[in-house]
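Multiple structures are listed underneath, in structure tokens.
Shared chain: subunit A. Partners: subunit B in the first complex, subunit C in the second.
Take a look at the complex of A and B:
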């Protein structure tokens, strides 16, 4: 598709607004609540923010992973957080909530519904993430070797260093800035002001990745309400509009990719129209510090763009929710007037295998 | 509720099912059992290792199987100072993306080198199979790659 054709296609899309967003506290370990109990206050808040109830929405879509919870069809149980009666159209993605949001957005495009609830939840603490995340890899060639997520990310970081696109100092600077910014994020799990020189004294977990370049292990949940048509205006004086949305994936073969670039992000950014106007804020789902460098390049962001003012996934990384939270955080910057146009990004799979790009604009 | 009052119980979740690996992955795994490394020809004649039934770049069916290796080049690596219980080696090792001789893509495996100063991008390594009687047709039939020329 040519750039002009893509732009024309975006212009005829149905405007959809992010009417409300809520997230739980992000914590290392929440032993006191099960998934439903974690979600209930978040769902209650996302409705209360705009004074609506479940009866005002037409569709529910969630994102979660049975592998984290250790039980099949856990997403069915999670519906208890919203209430299962009377029944309503509902769907689930075994993916980050950002992809559940995409599914709801597609349904809103079809015009048969005007409002949707999206939620996602991930309790990382009960299991062993190093082993669980190895199971998302190719089951014949990769998973049998049990490459953990830090090791796989370290291969990417090394490739980035070898290509001259980043250094350990650059990675530390990203971690330092992110967690300093997180000091103003009340939902952040890891927030502190530690200079780069101090961080660089950290031990390697898997070289070239030192402790500070890793995301925290987080329990957390998030929810969002999408609105179109009259409801978008009814629920907000100044709606935050989704003006571009796309997601793309690369091969599951790690050795078949150039790990120092992200063509799937670049393609999604192209289709979503990131370059159609200036970007004020970018919320990037870069669980490992070095991945911000790759995403910044793929999205074509210059140094004037504020990246991850929330602290990003380095400040809190609730698996299955961290991508949806990026979109919520970007929308919050527009709603507050701090930004006019923002891009939010979510990732899934090893080394940024799959990427989603969402462009948001105020009015 | 204080932490001490939360009940904990261990729970092992398993999805026990068997898969048929098909003509390409199956050939590769059988090759490992026989002490051979196989790739497959993709679109334009490139050699994909480990092989897939389709070329990930074009989606087209792949063609003939070709033998590759046993040596190759380290394209990226990561040093594991503290191996996890399920890792292939119990002693410190390097994960590596290795482009085998004759291949156009890289394969993930481990390099058994003495320390992080003994592995580098661009290094040549060679395969070290398990003894023939121990091989079962799986990635673990490769014990590790080792620096070519025989360090460690």
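Take a look at the complex of A and C:
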């Protein structure tokens, strides 16, 4: 692809703004509320933030996985949290809410609609994640062995160390910094200030991964309102614009990938135009500490970029929502004036198999 | 190593069985817990929408029409109306009731949504829309926070309900 063609490809046809964002408390286990009750206050808040109601929305898209709660069609019943009467166009991705956001964004690009609600709920606690996440692996050769997600991530971390791209000290430093930053995030589940030397005294969970390099198990939900056209200005004095957006996937065969790099992230970053300007803040969905190193390289971020000021997925990892939350957190940094241009990233699948990159800018 | 079976002897693999079983802890939530606790006491508890006034049984915590929390508990009658039904003649795995049997949507008096119930003590060729039925509960010591507390519904002996009373619930 020529440079001009690449530029044309990434051109955003219609500016879309992130008008509002809300997330629930992130907790180890919410055994009080079903998914409708988890979502309802979040949806109410995302509307109340900008003084609108569901009647101002043209389209709804959600992201969740029935496997997490073992509830068939839980994504359909979750719509009860919004109340879709009169009937409204609606869609669902069996993916993180970041991909639901992408679907809504594409529809907004078409110009048929001006506003969309995106939400996701992630209940990681009702089942055994070690078993559930094994089922996203290739069903013939890998899934029947039931490899747990920590062991799979450990293979990647080991490959990273062997390639000289990172060390256990590096992983601990990322975990230490992330959870220290999380102290200023009221929605964080795990936040503390523990120095690297102390963390390195942890036992291995699966070598070379120690407990601090792992994401917490989290129940949580998030919601976002997207706006285009007049509504973008109506709902915000200083809109946060999506100026680049793309997602890419790699083979599901772990053996067919170089686990120490993320070509799908690099490709998405190129199409989204990450390098077209300076990046102030990056919210990266790196559930395991070592994955931040891989993503930072794939996105071409230098050491001047503030990474995961929210604490990232190491502070709270509601599966299916954690990616959408990265985009919400990045947008919040721009809305507050702390950043002019930010990149947000979401991942899905084992070892960063699938990656989404979203560039956000203020005015 | 002669005598050992080789891959060639066995031919290509055409089927791969990978048994999967996942266990979950179900979280009914605040509203549905009230319904389940009601069943444990031998009664149906619904919840009313503060916006449209509709009563859901069980409520999952919100009005699906308005998207607002249902907070007011409503005790419902033990009797209701069959709005629609089917006679099950087909055996299937895990079936616990002798066929043929009747599965019906029952609209409890005071509720604005029907739910599925087993109808017994009536010949299958006499089941009809509008039939008035009452819930038959298990013995008090057998009551649990589960729909298993309702053994079945049976004709209540009242005259059939007028179509006008349930036409909006079909």
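Please note the rule applied: the second predicted complex is superposed on the first by the 359 of 363 C-alpha atoms of A that agree within 3 Å, B and C clash if a C-alpha of one lies under 4 Å from a C-alpha of the other, contacts with A are read in each partner's own complex, and residues count from 1 in each chain.
Note that a residue touches a chain if its C-beta (ideal position, glycine included) is under 8 Å from a C-beta of that chain, and two chains touch if they have at least 3 such contacts.
This is a predicted model, so every value here is computed, not measured.
J.: So, does A:79 touch the first partner subunit B, the second partner subunit C, both, or neither?
T.: second
J.: Touch test for A:155: subunit B only (first), subunit C only (second), both, or neither?
T.: First partner only, subunit B.
J.: Kindly classify A:40 by the partners it touches after superposition: subunit B alone (first), subunit C alone (second), both, or neither?
T.: A:40 contacts subunit C only, not subunit B.
J.: Regarding the shared-chain residue A:70, is it in contact with subunit B (first), subunit C (second), both, or neither?
T.: both
J.: Contacts for A:304 in the overlay, against subunit B (first) and subunit C (second): which applies, first, second, both or neither?
T.: neither
J.: On the A-aligned overlay, A:31 touches which partner chain: subunit B = first, subunit C = second, or both, or neither?
T.: A:31 sits against subunit B and subunit C alike.
J.: Of the two partner chains, subunit B (first) and subunit C (second), which one does A:144 touch, if any: first, second, both, or neither?
T.: both
J.: According to the stated criteria, A:253 is in contact with first (subunit B), second (subunit C), both, or neither; which is it?
T.: A:253 sits against subunit B, while subunit C stays out of touch.
J.: According to the stated criteria, A:87 is in contact with first (subunit B), second (subunit C), both, or neither; which is it?
T.: Touch partners of A:87: none, neither subunit B nor subunit C.
J.: Once the two structures are fitted together, what part of subunit A is touched by subunit B and by subunit C alike?
T.: 31-32, 67, 70-71, 131, 139-140, 144
J.: Would you tell me which residues of subunit B are touching subunit A in their complex?
T.: 1, 3, 6, 8, 11, 13, 19, 21, 25, 29, 48-50, 52, 56-57, 75-81, 84, 86-88, 95-99, 105-110, 116, 121, 138-140
J.: Inside the complex, what are the residues of subunit C that reach subunit A?
T.: 16, 18, 20, 22-32, 60-69
J.: Would you pull the subunit A residues touching subunit B in the complex into a rising list?
T.: 31-32, 67, 70-71, 130-131, 134, 139-142, 144-148, 151-152, 154-159, 162, 203-204, 206-209, 251-256, 259
J.: Inside the complex, what are the residues of subunit A that reach subunit C?
T.: Touching subunit C: residues 30-34, 36-37, 40, 43, 54, 67, 69-71, 77, 79-85, 123, 125-128, 131-132, 135, 139-140, 143-144 of subunit A.
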